[in-house]
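Each of the next two complexes has chain A plus one other chain: chain B in the first, chain C in the second.
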Partner chain A sequence: MLELRDVDVFYGKAQALHGISFSVAPGDIVALIGRNGAGKSTLLRALAGAHGLTRGERRLDGDIITRLPSYLCSRRGIALVPEDRQIFSSLTAEENLRLVEVLHPAGYWTRERVYRLFPRLAERRKANGISLSGGEQQMLAIARSLLANPHYLLLDEPTEGLAPIIVDAIIAAISEINQQGTAVVLVEQNFKVPQLLANYFHLIDSGRLTWSGPPDRLDEARDLLIVGRS
Partner chain B sequence: MSTFVIGLSIAMLLFLLSAGLTLIFGMLGIINFAHGAVYMLGAYVAYQVAATTHNFWLALCVTPLVLAVVGAIIERLVLRPIYDRPHEFQLLATFGLILVLEEAVRMIWGLQLRSIATPPGLSGSVHVFGTDISKYRLFVVVFGAAMVALLFFGIERTRLGLILRASSNNAGMAEMLGVEVGRVRTAIFALGTALAGIGGAIAGPMLPIQLQMGFSVILDCFIVIIIGGLGNIRGAVAGALLIGMTRAYGQQYAAEWIDIATYGVLVVTLLVRPQGLFGIRLRTA
Partner chain C sequence: MRQVKHSEVLTVGVLVLLFAAAPFVTGDEGWLYLAALIMTWSIFALGYDISFGLTGLLSFGHAAFFGMGAYAASWAMLSAGLPFSVGIVAAIGAGGLSALVFGFVGRRVSGLYFSLMTLMLAELISIVMTTRLRHLSGGVDGLPGVPRPQAFGIDFFNAANFYWVIFALFCLTLAFCAVLKSSPLGQALRGVRQNAVRSEQVGFNVGALRLTALTLSGCLSGLAGALLASLMMYVSPQLLGWKMSGDVVIMTLLGGSGTPVGPVIGVTLVELLREGLSATTEHWYGLLGVIFILCTIYLPEGVAGLGRKLWRR
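Moving on to the complex of A and B:
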């Protein structure tokens, strides 16, 4: 179980998260939905150890890992795919993958399997990161994090700005990744993609969780998302 | 012909120093003003080992190891605490290092000029293509070329090189994927310092070893890496060749114009291609 307990996060003087408690259990697909600036990315970064917590705790399987630096969080099975993907532009697609291979012990997800998950990537393996299209970069970013064989995969708006055919490929991939045993936290701005995948939903607004619930109570949440600021 | 070889040998020396400087900038984002002082330290350390053991080759092997340790210590004690601070801190810190290193060298070795004897077998000259070419300078060229090859191979083909390239490109993301970026920074600084040390050792038999030797060379190094593109090793090779040749041919044919020629190359490059010959144009965020 990966959790945040009562967490405050600041960017300088501005408070981005207020008393957030959030958890992901093994096997879950959890959706976090909110507008731009609501704190979705910040919450993911806090979960992944990529941002410090001013108050509260981060826990992994009961162990407090609040101060654990992000490279150690990575080694403990937490992987974050940021919204802007952050592909290494001066490396080829394949080198982006190889980097993670040399840093982590082998597991279910190998380069082979990852290329089977995203065949397009196999075709573009020798291309420089900087020359990949948005969809290819997104697939590469997910593939790259997968090679660490994470227990928890945190995806920040993985379908944003992508063509429907690629969105479908990514949805299928997320489903398979989850079936292979990786828990997923899926951040999006609306319900469209998450409702196809997630088994639990959270709504976030201005750094606070305003609603949480299972798919059968989603209608309550939809109103909240439309109505506006809480 | 001999001017050509001299130009190449200057280029190799410049490359050894510039490679370290550009690697350090590419990875750490720091302009290491102390790089010239480290080169000087390398020359003195090499001098000491050579004087004590009467073995230049031993000096050439030991110096980079000693300098690597010095570099690692500097990175952890002086630089690590100030990465997040404004650039002025780094400027002052590396400048301060120059003063510390110079004083340390002065205290240990005093003010008199030192030199390293040319190793036996490499003294004198060979007669090729109708001219006399210094054997030692030929060695410097060959050795430099070997170092270029080694560096390229190391960076492009090894796992360590892959980690280094990724970390230089995006340290934050590298860290999220599992790279211990702090250690990479220390390693890069140590490597850059070791390369400067090798430069100092190589320069020993060619140039007078004295406290100011760092100053005269560091300016050329900055020109080299600006021309070549900050953070780019290929650029460092190209820049070093350009400046090395300018210096050598300038000395031979128009000594009063050397500096103007050298800075002229810099100015032209900045006008035509400000990101450097191999640099990438950065979009302003």
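Moving on to the complex of A and C:
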């Protein structure tokens, strides 16, 4: 179980998260939904150890890992795929993958398997990161995280701005990744993609979780999101 | 991508052959001294580029590693009477150790602050060595009589014979840099240069990687310092001064950082200009500045970058 307990996060003097408690259990797909600036990415970064907590704690399988540096969080199986993907653009797709592969102990996900998951990447393996399309970069970013064989995969708007056919490929991939035993936290601005995948939903607004529930109660959340917009 | 790599192998091969051919083309001691000087400074610039070109750490304090290497070798050989090989090992150790200290002090700063910190630490060492540690450093007069190797009955005070010692170490340095660049460590360092935050998040201990790169860079700088002291048979605190740090930055940028040939080309250009221009004008350094400014505007990837563009055509 990866969790945040009573977490406050600040950017300078601005408070981004207010008393957030959030958890994801092994094997789950949890969706976190909210508008621009609601605190989704901040929550995801806090969960990944990529942002310090002003108050509260971060726990992994009962261990308090609040102060664990982010490279050690990564080695303990928490993988973050940020919204801007941040692949190493001067390296080829293959080099991007090899770089991470050497760091982490072998597991289910190997380079061959991620190429099978994203055949498009296999075709483009020799291409420099900078020449990859947005969709290819997203696939590479997810593939690179998988080579760490994470227990928890945190995806920040993975389908944002991508062509429908690529979105379908990524949805299928997330589903397969989850079937192989990795829990997923999926951040999105709307329900379109999450409702195909997630088994639990949270709404976030102004740095506070405003609603949480399973898929069969999604209608309440939709109303809330619309009310929040007006 | 592969083409570029072929071109790199080819240009490195040509460079090595050129330096290997020099003693056969000319027996003139002056020219051999210049070629040896270029190879020595190239080792320094190649070392500098591990920090700058590969890892993205812009240091203005490499003179400290260079100078401490020169002094460590000189002390080992002059005061302790140890052989040349031990002096070289001491220089590599001293360069690496000073770099390790710099890296440790600067472990929480990055970017411009890191650059300024290295500059200030290096100046601190330079000042302390010139004033407080005069008995060790020889003060502004320096220490004359830094020895050359004594082995196999070969006379290394002969310019051509000592040339081959420097040539061998120059080739080793080139090979070391090539292996490092393509190794997993080298790739990780490139990742750190490009995006340190992301590297950390995919599991790299960025602090430790930076420290490793700076230390390796310091080791080569120290080696270069020792070779220069032995080549000139003289060491002085000038080798620790900011001008040395500035020179190596200029040479690396002028030639093109991030490639094995770039720093060597940069060093060759600067040394040839120094040789050619200083005979005609004492303001040659100003002319070098103008050339440097023009290069940064029109050849941002250095002379090696220009070569790469022409090769692709």
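Criterion: the second predicted complex is superposed on the first by the 228 of 230 C-alpha atoms of A that agree within 3 Å, B and C clash if a C-alpha of one lies under 4 Å from a C-alpha of the other, contacts with A are read in each partner's own complex, and residues count from 1 in each chain.
Rule of thumb we're sticking to: a contact is a pair of C-beta atoms (placed from the backbone, for glycine too) under 8 Å apart; a residue touches a chain by one contact, two chains touch by 3 or more.
None of the values given here were measured: they were computed from a predicted structure.
A.B. asks: Based on the superposition on chain A, does the combination of chain B and chain C result in a clash or a fit?
C.D. replies: Chain B/chain C on chain A - steric clash.
A.B. asks: Pick one for A:Ser145: touches chain B only (first), chain C only (second), both, or neither.
C.D. replies: both
A.B. asks: For A:Lys13, using the defined touch cut-off, is the partner it touches chain B, chain C, both, or neither? Pick first, second, both or neither.
C.D. replies: neither
A.B. asks: Looking at A:Thr92, would you say it contacts chain B, chain C, both, or neither? Reply first, second, both or neither.
C.D. replies: second
A.B. asks: Taking the superposition on A as described, I'd like to know which of chain B and chain C A:Asn128 touches: first, second, both or neither.
C.D. replies: After superposition on chain A, A:Asn128 lies in contact with chain C alone.
A.B. asks: Pick out the shared contact residues on chain A: the ones touching chain B in one complex and chain C in the other.
C.D. replies: Overlap of chain B and chain C footprints on chain A: residues 48, 50, 69-71, 74-75, 79-80, 82, 86, 88-91, 95, 98-100, 102-104, 144-145, 148.
A.B. asks: Can you name the residues of chain B that touch chain A in the complex?
C.D. replies: Touching chain A from chain B are residues 159, 162-163, 165-166, 169-170, 172-181.
A.B. asks: Could you pull out which chain A residues touch chain B in their complex?
C.D. replies: 48, 50, 69-71, 74-75, 79-80, 82, 86, 88-91, 95-96, 98-100, 102-104, 144-145, 148
A.B. asks: Quick one: which bits of chain C touch chain A in the complex? Just the residue numbers, please.
C.D. replies: Against chain A, chain C makes touches at 1, 184, 187-188, 190-191, 194-195, 197-198, 200-206.
A.B. asks: Which residues, counting only chain A, touch chain C once they are in their complex?
C.D. replies: 48, 50, 69-71, 74-75, 79-80, 82, 86, 88-92, 95, 98-100, 102-104, 126, 128, 144-145, 148
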